[in-house]
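Each of the next two complexes has subunit A plus one other chain: subunit B in the first, subunit C in the second.
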Partner chain A sequence: MQASRARLFKEYKEVQREKVADPDIQLVCDDSNIFKWTALIKGPSETPFEGGVFQLAFAVPEQYPLQPPQVRFLTKIFHPNVHFKTGEICLDILKNAWSPAWTLQSVCRAIIALMAHPEPDSPLNCDSGNLLRSGDLRGYYSMARMYTKLAAMPKKG
Partner chain B sequence: MSKRVLCKFFAHGACLKGEHCEFSHDWKATPNNICTFYQKGACAFGSRCRYEHVKASRAQSSGSSSSPNSRQSLAVDSLSLSHPSRTSSSGVALSPGILSELSASSSPFLPPSKPAWNGSLDDDDYSDNGDNDDDGAGVTRSTRPEDHAICSFAAAGNCPRGEKCPHIHGDICPSCGKHCLHPYRPMEREEHMKTCEEKQKQLEALKRSQEIECSVCLERVLSKPTVAERKFGILSECDHPFCVSCIRNWRSSSPTSGMDVNSALRACPICRKLSYFVIPSVIWYNTKEEKQEIIDSYKSRLRSIDCKHFDFGNGNCPFGTSCFYKHTVKPGSYVWKFHRPPPRRPPPRRYDIVPMDVIFHMFEHLEEWDDYILEDLENEDLNPLERELLMQMGFDTSDSSEDEIDLWPVSY
Partner chain C sequence: MDSEDDMHDANDIESMDDDEGFYSDEMGMDYYGSDDDVDVDFGEDNEGIKRIEASRAENNFIILKESDIKQRQEEDITSVSTVLSISRAASSILLRYYNWSVSEVHEAWFADEDKVRKTFGLLKKPAIQLPSSRELTCGICFEAFHRGSIRSAACGHPFCCACWEGYIRTSISDGPGCLILRCPDPSCGAAVGQDMITMLVSDEDNRKYSRYLLRSYIEDNKKTKWCPAPGCEYAVNFVGDDENYDVSCLCSYGFCWNCTEEAHRPVDCSTVSKWIMKNSAESENMNWILANSKPCPKCKRPIEKNQGCMHMTCTPPCKFEFCWLCLGAWSDHGERTGGFYACNRYEAAKQEGVYDETERRREMAKNSLERYTHYYERWASNQLSRQKALADLHQMRTVHMEKLSDIQREPESQLKFITDAWQQIVECRRVLKWTYAYGYYLPEHEHAKRQFFEYLQGEAESGLERLHQCAEKELQQFLSADGPSKEFIDFHTKLAGLTGVTKNYFENLVSALENGLSDVDSQAACSGSSSKNGGSSKAKGGKGKGTSRAGGSSKNVDSTGMWTCEYCTYANSKHSTTCHMCHHQRR
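What follows is the complex of A and B.
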């Protein structure tokens, strides 16, 4: 309990310091609860998510960093490894490949990497996974692009 | 050197001068037990003084205590004489250094102001006791330069007498920068250089270690709040630094669903290289050799401790032949008789009363676990009786993932 708090506080300070260093990630800690964080990440370029800003919600367990934080997308996203309804993310480092050397910041980076390189073979969003697995890149691209425009981009006008 | 009086510092187990001490490092030597205050005329302890209140005879005192004393008082006198511009206060200001030297040579630490016995007792007779030649440095008693001790003021950093010092000023040691190398004693020089270099190396290593952060708690390992936490946990197979508590915590944490003990928990959190044990160390290493040294000294330390699981041949050590602790087979023990480890204890009958020795054994077990570094034991290693006992006490041993109480204080 105390250890997780101390570590999160360290990370908080690190995030304040690094704000400028990584413009793609904006990590914000909840004002009243250091175990709740939100992050805004920019969709990686040359993907259908380019130009979108996606919001992530972090719920950090008390055993952190011995246990991984629970992360989910708050912004709707069409991606094979993200549950379309709940925003749950299927990522090994958030489950069995977690290591205490990961930080919230590096988890965000891993999620950005996942957006750029989907794993259609372990899909949470079967429709999206099937499009990719059947080789319909164009279909996947246009679907993902549409949802990015709908949910992750500021409305024009 | 006068090897007659037992060195007080040696008697307390810590004489810094080692074999070059002018006092005897032989337990058979008689200690100097004459009260120096009594010599000056007044001892506040009176009859309760632990030192002898006897009149120091010329023969007895000259070699031991009063001679260096009076020489020092002379030195102080000559010092104040040689610096006429200095006031008496400067003489006082110098005295702490002199005091330290005096006490370091275990002689009385104040120049006698009003000696109870003939004040000029020793002033003129240090040539009588020719055998303490380190004192004779200024008196040209011995002509061989290697017999003269070097000036300890200069060796400590600064000699107030400078050029006028009657003692030899040692050469500057390249590593500690002090005038402490005896120009005519090659053995001593070498020894000093060696120890000095080693010390310097260690100091540097410690300085470097200060900066190193643990990747689990993100804090500097040597700046953790409690002393017990200020230790590195070195992984045998890679070079990533962690606190010993953090890495052991991680290695002993219960694997979450789908987490493989070998690939996740026992691997380095950073590079995922598999390591089978963690070596605690207060210092971080710089080279492979240093690491090996730390590991070897740790293992050899453990090898000298009897394995409590093995219990001199009566117990079953879960680590078997790869145990880091000593497995001594006592004559008459199980292993001694049957040449194989005893079976794990049989499943328990329903005890209504738990025998006292089982409780004792269990807690002993928990306590000693702390010492084990092969920490990744499963609950199966609890013997059934202990498990039942724990269950009766209300701890659930089957799944510890949600346990509030850590049954395996392995990591702390």
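What follows is the complex of A and C.
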């Protein structure tokens, strides 16, 4: 408990200091609970998620950083490795490939990388995975784009 | 121990002028080693040397205790560490990746050392240059530490002892994956070996790690397996060829190396797995069919079977004697029906119509469940008999032998023929059990083979019943006698003789079934010829891979000069006119 708290506090200070360093990621710690974090990440360019802003929720376990944090999308997203309803993310570093040297910041970077490079062979969203696997890039792109516009972009007017 | 008949065998060997006879006798006496004997005994001048090889080849497996496993593992690690000039921890990591094969490690290492080092994270020099400051930042907790409190793998990534401890502990509690632990830095693949682990974690975690390492030596090695018997801690190292997979552990459990099911010769592994699958699928149906009791066919009182053989006698006043399997009168199972025990002849029994339920049974014969029930019931019943016989053997060894020795005034070593008989019964019950799985999968349309199979099985069953009866019932009078009796010598001769005959017969049965009853193709089904002759003649040809089991056509029977007794199937030399086993006239 103490170790995880200390480590999270270090990360908190690092985030405050580096706020401008990575404009794509904005990590915010819950005011009353250092084990709850949220992040706003920008959809990577040249993907259907470009121009969108996606919100992530972090639940950090007490064994952190020996155990990985639980992360899910709060913003709806059409992506093969993200559960369409719950926002659960299928990413190896959040499961068995976790290393205590990862930080919340680096997890966000890994998720941005996942948005740009989906893994259709281990899909949580089968419809999305099937579009990619059958080679229907146009179909995938337009679906993902539509949900980005609906959920991740500020409403016009 | 040695029966009269065995003595005869010994004489035969000397009186015979050809190797074939020698082989055939050997085959009858030696169950496990027979295949190897075929290979080495034949047509070679340097027989002395060959004999030694044969006896060594008899054991195609080695049982390893925990201390043996540790010792072997240490030796392998030392060997790799010496030859490659790397640490023991690194050797252990390499060996684990190459399934503990020393030669494969050598091969890969000397083919491309750099590639091996890179793949498995055995770095030559640090991957990063640390700043020369006195304080370093731990890569996990991000706290600053004095240099002395920082530990690194070969790569040099700095982590504090507490974070290392947590990292390794988490990995060990996650399972054997801790054996391939790497540096916590995600971009780094440097291996973390046992030397670091020993240094950094608690004794308990170290014990767990060692345990995983030991298990890996058995589980990741293609030539070793744990004995599958519950609670057994021995491992088996298989060094034989793929001819005979039967191994028996020091815990007395016998199993098949290939599929780790219980030993199942003569049926093959795929049949066994099919059969076991079927049994579990049908077990719901079987439960009621195989309820523990059956009613006496005469007085209808429920009877629980508590003796090993199928000959049942209802308690007085009924005293009806019947066969446990078919519930028919035991008197029908006499020699008139072609043997002491002809109950396996399912088809025949139906056709004869001796039961009052005949009509109904005939209707249901088309039902596959009925057919399956028939075989399953007999399979399970032999299984139970075998367990009972095992218990009896144990009882015999621990209690009766001493008692009998006192009564008959014979040293226990002279009574070994009794335990030999029981051991044979146990083994025969096992074989017989599996013949029912064999029978179930023998195609219906191969009439000649079925007929021959049922003949062989029937004879096997009757022979075994004779032996079982003798060992179980006839022994009773000597156990309850007041002093030594003259009949005991006769009993000795009879039981030892029966043991020998039965052993011989079952050995032939196994061979015949294993070569797919190929004799049927060339000879009439009921000739009683066994594949032994086929086997020996084939083996004579040289170092054929098939050896005894491969079998050949029974035309070869003549060329070897052997003749097979029609009564007990014992293979006799061409000079004798009566069977050495059962003294029947040659026909």
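One rule holds for everything that comes next: the second predicted complex is superposed on the first by the 157 of 157 C-alpha atoms of A that agree within 3 Å, B and C clash if a C-alpha of one lies under 4 Å from a C-alpha of the other, contacts with A are read in each partner's own complex, and residues count from 1 in each chain.
Going forward, contacts are C-beta pairs under 8 Å (C-beta built on N, C-alpha and C of every residue); 3 or more make two chains touch, one makes a residue touch a chain.
Fair warning: this is a prediction, and the values are worked out from it, not measured in the lab.
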Would you mind checking whether subunit B and subunit C clash or fit side by side on subunit A after the superposition?
clash
Classify the contacts of A:K10 with the two partner chains as first (subunit B alone), second (subunit C alone), both, or neither.
both
After the superposition on A, what does A:P80 contact: first (subunit B), second (subunit C), both or neither?
neither
Pick one for A:Q67: touches subunit B only (first), subunit C only (second), both, or neither.
both
State whether A:G129 touches subunit B only (first), subunit C only (second), both chains, or neither.
neither
Mind working out whether A:P118 is in touch with subunit B, subunit C, both or neither, as first, second, both or neither?
neither
According to the stated criteria, A:I93 is in contact with first (subunit B), second (subunit C), both, or neither; which is it?
second
Contact residues common to both interfaces of subunit A (with subunit B and with subunit C):
3, 6-7, 10-11, 14, 63, 65-67, 99-101
Given the complex with subunit A, which residues does subunit C contribute to the contact?
139-143, 157, 162-163, 166-167, 169-170, 184-186
Tell me, which parts of subunit B touch subunit A in their complex?
215-219, 240, 246, 249-250, 253, 256-260, 264, 267, 269-270, 272
Within the complex, subunit B is touched by subunit A residues 3, 6-7, 10-11, 14, 63, 65-68, 95-101, 103
Name, in rising order, each residue of subunit A that touches subunit C in their complex.
3, 6-7, 10-11, 14, 63, 65-67, 93, 99-102, 106
